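The following pair of complexes shares a single chain, chain A, combined with chain B in the former and chain C in the latter.
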Partner chain A sequence: MMAEQLYMFLPESCYLLMAAALFALSLPRRQSHRRIYAWALALSLLGVAGAAAALAARGEMFFTAYRVDLFSQVFKLLLAVATFLVITICGDLAGVEERYHPEFFLFLTTCTLGMMLLISAVELMTIYLSLELSSFSLYLLVPLRRGDNIDVEAGVKYLFIGVTASCVMLFGMSYIFGAVHSTYLSEIMDKLPLWIHQPAAAVGLLLTLSGFFFKLAVFPFHFWAPDVYQGAANQVTAYIATASKAAAVALLIRLTSLTAGTSLYLIDVLMVLCVASMFLGNLVAMVQSDLKRMLAYSSVAHAGYVMMGVLTMTRLGYAASVFYAMAYLVMNFAAFMVVVKVAGEGQDLKIADLAGLHRRAPLMALTLMMALFSLAGIPPTVGFTGKFMVFTAAMEDGRFWLVLVGMINATISLYYYLMVIKAAYLAEPADGQEPLAISASTRALSYALIAGMVYLGVFPQHFLGLAENAVKNIF
Partner chain B sequence: MTPAAPNDYVLGLALLTMGLPLLAFFLVFFLTRRSVGLSCFISLACSAVPLLCAWSLLLGHWRMPVPLLWEVVWMSSGGATATFGFLLDPLSLLMLTIVTSISFLVQVYSLGYMAGDPGKGKYYAFLSLFAWSMISLVVASGLLQLYIFWELVGLSSYLLIGFWHHKFSASEAGKKAFVMTRLGDLGFFLGIIVILLHLGDLSILGLNQNAALKLGPGLLTASALLIFCGVVGKSAQFPLLTWLPDAMEGPTPVSALLHSATMVAAGVYLVSRIFPFYQASPEALAVVLAIGAVTMLLSSTMAMVARDIKQVWAYSTVSQLGFMLMGLGAGGYFAGVFHLTTHAAFKALLFLCSGVFIHHFGTNDFFVMSRSGARGLKAPMICLSVAGAALSGVWPLAGFFSKESVMGVLAGLSNPLWLVVGLLGAAMTAYYTFRLLFVMWRPCESAEDPLHGGGHGEHAAWAYWVMVLPLIALAVFTVFLGWGGRGLEAFLRWHQEGVAEAHHGWLVWASVLVVASGVGLAWLEFGRAGAAQAGFLSHLPALERLFARRWYLDDLYRLLLDYVVYGFFSRLFTINDRRVVDGGIDGFCRGTAGAGWLLSFLQSGLLQFNLFSMVLVIALVGLYFLLV
Partner chain C sequence: MNSLNTYLFMALLLFCIGLLGLLKRRSLIGMLISVELMLNAAGLNFMAFNRFLAPDPAVGQVMVLFIMGIAAAEAAIALSLILALFRKIRSVNVEQARQLKG
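Moving on to the complex of A and B:
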């Protein structure tokens, strides 16, 4: 019995262990970055191994408030991989002050832990507590940045908007509890479809979702994204843009499945938010000059594409969204890896700063180009396959106009991604800019990411099957 | 008709044709880019073998009884399955031969054209990428595969136009080409999804046989029109026709390969590929016909005033593609495909000839070329004239026969308007082609001394001959291809015996007359001794400006982009975004009120404003739930 419980809790245990180890490492007065980095890297690799090993775990824990199934385990593996990837690009944390380095890794770990708990939580209070564990870690990570006060401002903004979203979410949860007298998702799922035509239940569910809209940066909860993306250290931004989005997708799927698609009004509202996110993200991204800000708005747009699969509330749609989340994780991480490597001092990157990247670091330019083509949905990259799945799912649900809007947006997005590619490939480097030194490990990572983006795009079958099996568990 | 499985020999040849260019791309791009000689060799070898394979496939299946189909499942989700493979039937074999032949000739030609360019290795890598995508597009067995390679072809076009990094306009043009064709692909993609959902099957054979039975007429027309959007984008038809002339900023061999003979023809190829599907919807065919006609007329007028030799051919390509679509739209499957075939030969020839002149004289203006002594280059001059005559439809060159067959189809329509449009287009084509030829042959004496631009005239003789040899090969095709029309017709119409298109005796004379009048007008203005070399349009400045500015289409798009997208939407949405509007608001506050409190209110108030809008949206949603 004990062994079984431990096996189910294996990924979380790994990160608990990691957090404890990093906390111990943060205690001595003198610290060496290399040592902490090596520990963090090793422990996060252990985390990936743990999450992979526990992929087959099934069962319930903690008075059935915590469910371990394929759906949760796939997302935990995604999270573990994303965390590991982000830690690999923290080799020199130029953007964070030296004395905060142990805390940086510690909060990264607790945030991952929080999100892992969140993914498995099937009870409203557990969901709320896990969400706050991950959010508070991020609130602390954002202002850790060295230099001007833009980080503090971003941190404050993030905190305020996050807290407001939490309030709204708690408010919504109280409505749900009031309507069905339970906080367990399984019981809510049984009763909610009967109650969904009561405004209280529908409003309650929507308000509950808003906590995850905030994480995913869906309109109108996106206001933090540009400031936080720009204000946080590049590595933190990479983490927010990859890992925390995946967790948000998981919870959106879990919570929307509660209605079993019975509330057409809820779907209407989700559709409005989806369309607004896509248009707002893409149109505003066109006028940005800061690369991370542009990627922030592009993430708002991508939240819209993911929502398109979620709002169909069909098995195919959910599977498409899970696949899209995987795809987004890989391609967005590839883009941010280039940002981190090109901004050697941890500074913000203007799009114009990329000028001549193909001369200074051809491999980085290639990785960036592939990542952006993938984000724009050009075949044969994974971005195309992801969009294709999402659009097909929406179309199968009879949402022609939504797909049309999505396609128009994909075309708009190509426009600003090409501006970045143009800067990287077609502009000449400014005088005196040295070629970038790219380490062998970064080189290997770049090749792996490019290969991954193409492989997932050309042979999606395996991962698509995994996503389909995973979503079977939530109904 | 049930397709047969290919035997091992055919399978091997087909896979070799499809695989080798990709192999070349990887080898050159990742390994041998730095060593130019090796890169060229790999790339050339990997385009020569597919050329031989394609010809042997074509000749080996000259009288094939059933199409050959080979497929593997690519991905399946829910009830929908997408496959990957190849479909060999007369149409795809013919197109495969065209693509591999021209691709090989252009690669040979590029040896000379790109001699000494530091990025030659990369250039060859992209050419191989293009060849792979185009070949896979042509033989695609299903629409999804076709779409994927359709996009890849666009991508390689973007990479090849942007190849000359130092030319700013080249990179702009590449972006324009990519975004504009993607705009059309939007419809194509939607069309594919519509078909996938209602037919559950994207295979081309299934689409051609069953679509009419299984889809309702409305759905059929809708999906056919959606797919046609992709054709409009890729083949630069009205209203998305302005990207093609701009794409001419790329190297000339690229223009020859992509932007005249193969890639832009992919749109026309797509319509012929699923022609039975289009035939099931007369409404869709009518739209194809009308769009083709409008495009043909518009772009012919643009070509009449251009001074840039590549621009003239670019407009002419657009108009000829429109002409092919007219043929298809009028129901003439063979006529459209025949014109596609001959056009590939003579238009590639025109571009490659022009490339020799551009390379030699360092200018694109054919008036300047002529004054610098273009007549001195005998072989390219003769080839240019042959190809130009073929384009105008002069007997006995290839263009004459294919044009005649399209005219024959147009004449068979009940509405004589379309034939008149076709004849008018032919007259304009003859006029602008011979305008260029006469100017090239007869330099204007009154002009200043011969100019010697910064061309590459000093390059070695081998470079010149490497460029001229492909010209001669293409010229042979241009001269003799027309006589193969009958054989080609029998080959292409394999499964519909005896549906020969009607022939009208008087039509031949009408079109000869029309062409002669176009040539005659050009001769009067440009060719005869002492001609002023100014077209009649120079007396109509308003019209000339209209044509030269491409009927203000570009200005319209610019206006839409600037005002609607940038000016309205982006500004509207960035109101919250202080880093974009910050400067403006700050300056405004200091200037008008100068009050510190106002400034601080705006600075700190933005967060409240954000929170307020969040709550407002939530409240509106809540209200929505309460009210409905």
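Moving on to the complex of A and C:
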């Protein structure tokens, strides 16, 4: 019994251990960065191994407030991989002051832990607590950046918008509790379809979702994205843009599945948010000159594509969204890896700064091009397959107009992605810019990411099958 | 049933006051207080539903205890960030923090 419980809790235990180890490492007054980095890298690799080993775990824990099933384990593995990848690009961490490096890794770990708990939580209180654990870690990670004031300003903005979103979510949860008298999702699922035509329950569910709209940067809660992406250190931005999005998608799927598609009102609202996110993200991204701000607005647009799968509320739609979250994680990480490597001093990167990247670092330019083609949805990359699956799911649900809007948006987005590729490939480097030194490990990572994006794009069956099996568990 | 509605109405009012304060206040401390109002509105809702409707009387109370704990942690983080901002721009007014365009 004990061993079985430990096995179910294996991924979380790994990150608890990692947090404890990093906390101990943060205590001495002076620390060499190399040593902490080596520890963080090794422990996060252990976390990936733990999450992969626990992929087959099934069961319920903590008075059934915590469910371990394939759905949660797949997302935990995704999170573990994302955390590991982000830590691999923290090699020199020039954007964060030296004395905060142990805390940087510590908060990264607690944030991952919070999201892992969040994914398995099937009770409102547990969901709220684990969401706050991950959010509070992120509020502290954002202002850790070295240099000018924009980091603290971005941190304050992120904090206030985040806290407001979680207040709204909590207020929504109180209405759900009032409607069904329970905080367990399984009981809510039984009773909510009867109650959903009551305004209180529908409004409650919608308000509850807003906490995750904030995480995913869906339209009314997207204001933080550009400022936080710009203000945070590049590595932190990479983390926010990959791992926290995956967790938000998981929870959106879990919570919307509670209504079993019975609430047309909810679907209509989700549809409006989806269309608004896509248009707003893509149109505003066109005028950005800072690369990270542009990627922030593109993340708003991608939140819209993910929502398209979620709002169909069918098994196919959810599976498409899970696959899209996987794809988005890989391609967005590839783009951010290039940002981190090209901005060697941890500075912000203007799109114009990429001029002549194909001369200075051909492999980085190639990785960036593949990542942006993938984000734009050009075959044979994974971004195309992801969009194709989401659009197919929406089409089978009879939402032709939504798919049309999505296609128009995919075309708009091509413009600003191609602008970046134009800067990297067609412009000549400015005078006096040295070729970038790219280490062997970065090369290996780049090749792996390019191969991953193409492989997932051409042979998605295996991963799609995994996503479909995963979403079977939530119904 | 009538008294339940009174509580719900009070909570909604509190929530709206908090939201309005958050949008109108220019001082970060004022915004933090508004956020606390919104959190407590949710807490009041939980207690009211718990007292009048729920079969198990402990759930809402536990929820409110956790909300209070979270609110304390959140105030600690918010105040430390506000302090860090104050050290840099010598002000807690959001109008003074205008380097980011968002």
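One rule holds in what follows: the second predicted complex is superposed on the first by the 475 of 475 C-alpha atoms of A that agree within 3 Å, B and C clash if a C-alpha of one lies under 4 Å from a C-alpha of the other, contacts with A are read in each partner's own complex, and residues count from 1 in each chain.
In this text, a contact is a pair of C-beta atoms (placed from the backbone, for glycine too) under 8 Å apart; a residue touches a chain by one contact, two chains touch by 3 or more.
For clarity, every value in this text was computed on a predicted model and none was experimentally measured.
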item	value
First, second, both or neither for A:Phe223, with chain B first and chain C second	both
More chain A residues in contact [chain B versus chain C]	B
Partner chain in contact with A:Ile378 - chain B first, chain C second, else both or neither	first
First (chain B), second (chain C), both or neither touched by A:Lys157	both
Contacts of A:Gly231 with chain B and chain C, given as first, second, both or neither	second
Touched partner set for A:Trp39, first chain B, second chain C, both or neither	neither
First (chain B), second (chain C), both or neither touched by A:Phe23	neither
Which of chain B and chain C A:Leu140 touches, first, second, both or neither	second
Chain A positions touched by chain B in one structure and by chain C in the second	156-157, 160, 164, 168, 223, 226, 230
Chain A to chain C touching residues, read off their complex	124-125, 128-129, 132, 136, 139-140, 143, 148-150, 152-157, 159-160, 163-164, 167-168, 170-171, 173-175, 177-178, 181-183, 223-224, 226-227, 230-231
Sites on chain A touched by chain B in the complex	156-157, 160-161, 164-165, 168, 199, 202-203, 206-207, 210, 219-221, 223, 226, 230, 265, 268-269, 279-280, 283-284, 286-288, 290, 293, 316, 319, 373, 378-380, 384-385, 389, 391-392, 395-396, 400, 403-404, 407-408, 410-412, 414-415, 418-419, 422, 425-426, 428, 459-461, 464, 468
Residues of chain B touching chain A in the complex	74-78, 80, 147-148, 151-152, 155, 162, 165-166, 168, 171, 175, 178-179, 182-183, 186, 189-190, 193-194, 196-197, 565-566, 569-570, 573-574, 576-577, 579-580, 607, 610-611, 613-618, 621-622, 624-626, 628
Partner chain A, residues of chain C touching it in the complex	8, 11, 15, 18-19, 22, 28, 31, 35, 38-39, 41-42, 45-46, 48-50, 53-55, 59-60, 62-63, 66-67, 70, 73-74, 77-78, 81-82, 84-85, 88-89, 94, 97, 99-102
